[in-house]
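Got some structures for you, see below.
In the two assemblies presented below, subunit A is common to both, partnered first by subunit B and then by subunit C.
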Partner chain A sequence: MLAAAITIALAAISLAMLLNLWRLLCGPDLPDRILALDTLYINTIALLVLLGIHFDSLVYFEVSLLIAMMGFIGTVVFSKYVLRGDVIE
Partner chain B sequence: MSAMSAMLLEILVSLFLLASAFFTLAGSIGLARLPDFYTRLHGPTKATTLGVGGMLVASVLYFSARGEWLSLNELLITMFLFITAPISAYLLAQAALHLRVRDVSGGADKSKHPGQ
Partner chain C sequence: MTLLLIILFPLLGAALPAVAVRWGRNASAGAAAGVTAIPLALLLFETPRVLAGGTIEAGWRWVPAIGLDLTFRLDGLGFLFALLILGIGLLVILYARYYLSQRDPVGRFYVFLLLFMGAMLGIVLSDNLLLLLVFWELTSLSSFLLIGYWKHHADARQGARMALAITGGGGLALLAGVLLLGHIVGSFELPVVLRSRELIQGSPLYLPMLTLILLGAFTKSAQFPFHFWLPHAMSAPTPVSAYLHSATMVKAGVFLLARLYPVLSGSDAWFYLVSGTGLVTLVFAAYVAMFKHDLKGLLAYSTISHLGLIMLLFGLSTPLAAVAGVFHIINHATFKASLFMAAGIIDHESGSRDMRRLNGLWKYMPHTATLAMVAAASMAGVPLFNGFLSKEMFFTEALELHQTGTLWWIVPAAATLAGVFAVAYSLRFIHDVFFNGEPVDLPRTPHEPPRWMKVPVEILVVLCLLVGIFPAYTVAPLLNVAAGSVLGGPLPEFDLAIWHGFTFPLLMSVVALSGGVLVYFALQYRFNLHMIVQSPSPGRRFYNRGLAWLTGLSEIVTGGLQNGSLQRYLALLVTVILLAGAFPFWQLGWYSGSRSPGMMDGGSGVAWLLLVVSAACTVIWHRQRLLALVFVGVTGLMVSLIFVRFSAPDLALTQILVEVVSIILLLLALYLLPQTTPRESSVTRRMRDAGLAVAAGLGAAGLVWAVLTRPQDTISGFFLEQSVPGGGGSNVVNVILVDFRGFDTFGEIIVLAIAALGIYAMIGGLRVERPALDPARRPWAADSHPLLLRVASRILLPLALMVSVYLLLRGHNEPGGGFIAGLVTAVALITQYLASGIAWTEARLRLDHQRMIGIGVLIAALTGVASWFFGAPFLTSAFAHWHLPVLGELPLASAMIFDLGVYLTVVATTMLMLVTLGKIGAREEV
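Take a look at the complex of A and B:
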């Protein structure tokens, strides 16, 4: 039963990531694309946690923690760049 | 662990996984389908964050039952995401106001220049 639930969740998250990719490619404005990237990394964390349960391994935890930190910094830097035209003032 | 509690745990983890997959998908559908940027901001920052939080709770349950002691590592990611999601949403909204991204009524606010 757990395997079936993991398969359904994998399919749902893959679909979600495809939707994010679509918004990233044809988002009309710059903030739309930044938001799509933000959602994409959050979905990647979900996918990695799911794979960690599937393969019964704790290695994926470190990977998702790193992605969480780097993704947040990336979003902040992109927004700051749009706001100020410069990253480090 | 007895067979009964193992099955109970499996049901619980599966329920958490399915619920969080639903919320994650709902957030991304909101990102793809809503009409303008300011409404689109709601989907990922609320529904998707809740979905990832539920998935990490499922992971905590699973690995706590597998190992000898409580595995609370995943709560670190949950906490970090729950703290950072509003911050990034705030910064994105500020950036969109600065660029005067049009809203659902068709025109951006021209009365003043936000973000400065």
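Take a look at the complex of A and C:
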């Protein structure tokens, strides 16, 4: 049951990542692309957590924890750049 | 141990005078004298053993793989030279105390002098030829510093550079020669080399090896045609000249020949090369010396001439000639050092060294004049002074020559002629300076120098006399052991007496003395010596022309390769990689392995697609820099995902962290740069680059395919097995980083530290104005630090720090480690700068990044050094598993302390780089 759920979820998340890619390519504006990158980070986290459950391994959770933190900071930096130009002021 | 101490005292003690100068010039000179006196005492303590014919040896292993070991020996020859270096060094230190003026930085002078002294001692006490070479180069470097001591004088800088170029070039030739010698013998250890005479002289490589070694010796000892650097080195302070050109620097070449005399000498090639060069130098330099109006110039050419004499003696290859050579080394050192010092006194007290203006100083400084006269008489070879004894031995040997056949008279005639010139220039030194009328508008009224400035000269002059009058009671034992170790066998019979009866050599001496007096007075009164101006030496012209040619050549090569175009470097680099990578394919043919690399699953397929598309988009949109950065972010994320997929969590963590840090860095830089890249390259250029890129990509893919389709039996299996028993940790990646390849990591953090400090040094103080509008010509957002972001970032900080400590502590066994933990900490701290601003953060976070870098590198280094105390090589790790209450089983390895150093360095360098860049655009008020 769990295995089937994970397979379906993995497929869904892969599809979501492809849609992120679509948004990245189309844009049309820079904020759209930054948002697409942020969403891609979140989907990656979901993907890794699912894989962690699937392979029953803690390592995936740790990596996704760091990706969560870095994704947040990456988005913050891009947004700050668009808003203020100077990232550290 | 004594031998090592003798060398280490001046080398390590060199720092003392620089420190002591705070308490005055006397303290500085005293420190230098102390550092010299201790090894001198140590050396004298060994006198009985050396004079009894013993050789003291000591050795430590250093780099046995290339035959370079720290082996030292103290035999008669080494003892003689060490005695000269330390003894005259001590006198020079005393003399320089009074010579240097108030404006000269005394501390620096003594530092250079002691470094030079240590290097010289290293040459004469080395028992390994490679070690000798190391010290040889050190003397070239430290003499460069000494000659260029008055760096505000252009001629001092030029003289220093010339000396370094000539002796350094000779050092390279010597290196090649010594390598050949080591190749012939199979060892660089002197005892082995000295036993292999037949092997060496029978080798077909003997002639090239001999030529190269002689090139090294001739350049160092200023033999014709390389002699011209020595007169230019006279722009150094006189104590330096007295030291370098009497007992030390220029004697290094002579010493080398004496050291290798037992195995190299005796062949025809040796005879013609060494004696020929020596003979030409002897006569030519003595002739030039007569016409020098500068006191030090005269002494310089006289030094060259006497070095030629010693060379000639060694070249003759008879045992007695070698004895005479060693004897003349001693005599020349004593009288030439005292003459240089006397010249320095005259210069110091009268303000001039020009003999056309210095006349009649006898009235003003009779004491100095007397001392100078004794030393000059010795230089001329007048009986009762030490120079006479070795010169008479030289005349005797010149007559004994058989190799020259019917031309037997050439060497004796040339020797007599050089003797005539030597008497003439010695007489000029005395007559032109102390007599011959009145001084001509000197800057100062000459007077006697301070008491203690004369003492070193007095000591040396007394030595000249003692050796000259009672040779058998003074110098004989020293000469016996020194000559014995040069010959490496039984000594010939010789008699160190002043009077040998009416012999042919005595006649030659008489001719030289009377001829010299005649020549001098003829020159002075017939040809008006003061009006003769010599043209500058052709050697210098050749040197300058050669230098200009070399500079031009290197400019052409450098300009052709390095024209500032990064595209060009990259194209060259990729081309070379392509050729190197294609070579094995071309040689072995392309074939695929038997193993199937396996099918790609759906999730990986999506990641692969994202990776390829984002990489392609980066290329397509690379002119819009911000957009390209977004795609770089996607690429980085996907790469880290792929690392996770292939079970490399450490790599994945590092990748994602480095990714974010680079994005911050690039955005910080992008703020200061244009937002778009202009189109600069032509279509053909872009086609070429695209072709190169595709070819390189296909090549890399081909390599990966070739690896993946082969049965995997790689080195990683070894590391996996050794990780726990060898490194005490189960995380192989971390064990490799901090233990197996810890030295690499150590080097890398140092590179990191240098890069961060370099960035700080270059753009630390830079400030730019903020543009009024953003690139799309809209006003900037008003809120510089949004509240939500501030709150979120402050919650994030403790959590992130906890994670990073966790990652650091467990890194040895599970994914993590100093590098990853350091990046997490740095990113968490940088987030505070992002969210709350520089002023707010720096008011609360007082980190001195530069100091932190230093501490980090130091901790790593000390962990490495600590293993020495357990007799293990640098960075050997130890580990244990401790059971602690509350925390449970704690595996502790010394590598974890090393990892702490890595952690601190990474945090500090990352912070320093980002904050330095961040401050450029910052305004003062917040």
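Here is the rule we go by: the second predicted complex is superposed on the first by the 89 of 89 C-alpha atoms of A that agree within 3 Å, B and C clash if a C-alpha of one lies under 4 Å from a C-alpha of the other, contacts with A are read in each partner's own complex, and residues count from 1 in each chain.
Basically, contacts are C-beta pairs under 8 Å (C-beta built on N, C-alpha and C of every residue); 3 or more make two chains touch, one makes a residue touch a chain.
Small disclaimer: the values here were computed from a predicted structure and weren't measured.
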item: First (subunit B), second (subunit C), both or neither touched by A:37; value: second
item: Which superposed partner A:59 touches (first subunit B, second subunit C, both, neither); value: second
item: First (subunit B), second (subunit C), both or neither touched by A:87; value: second
item: Which superposed partner A:25 touches (first subunit B, second subunit C, both, neither); value: second
item: Which of subunit B and subunit C A:6 touches, first, second, both or neither; value: first
item: Partner chain in contact with A:69 - subunit B first, subunit C second, else both or neither; value: both
item: Touching partner for A:46 - first (subunit B), second (subunit C), both, neither; value: first
item: Shared contact residues on subunit A - subunit B and subunit C; value: 17, 20, 30, 34, 65, 69, 72, 76, 78, 80, 82-83
item: Complex contact set, residues of subunit A against subunit C; value: 10-11, 14, 17-18, 20-21, 24-25, 30, 33-34, 37, 40-41, 44, 47-48, 51, 59-60, 62-63, 65-67, 69-74, 76-78, 80-89
item: Residues of subunit B touching subunit A in the complex; value: 10-11, 13-15, 17-18, 20-22, 24-25, 27-29, 31-32, 37, 40-41, 43-44, 48-49, 51-52, 55-56, 58-59, 62-63, 66, 71, 73-74, 76-77, 80-81, 84-85, 87-88, 91-92, 94-96, 98-99, 101, 115
item: Partner subunit A, residues of subunit C touching it in the complex; value: 602-603, 605-607, 609-610, 613-614, 617, 626-627, 629-631, 633-634, 637, 640-641, 644, 649, 652-653, 656-657, 659-660, 663-664, 667-668, 670-671, 770-771, 774, 780-781, 784, 789, 792, 796, 800, 803, 815, 824, 827-828, 830-831, 833-835, 837-838, 914-915, 917-919, 921-923, 926
item: In the complex, subunit A residues that touch subunit B; value: 1-2, 4-6, 8-9, 12-13, 15-17, 19-20, 22-23, 29-32, 34-36, 38-39, 42-43, 45-46, 49-50, 52-53, 56, 58, 61, 64-65, 68-69, 72, 75-76, 78-80, 82-83
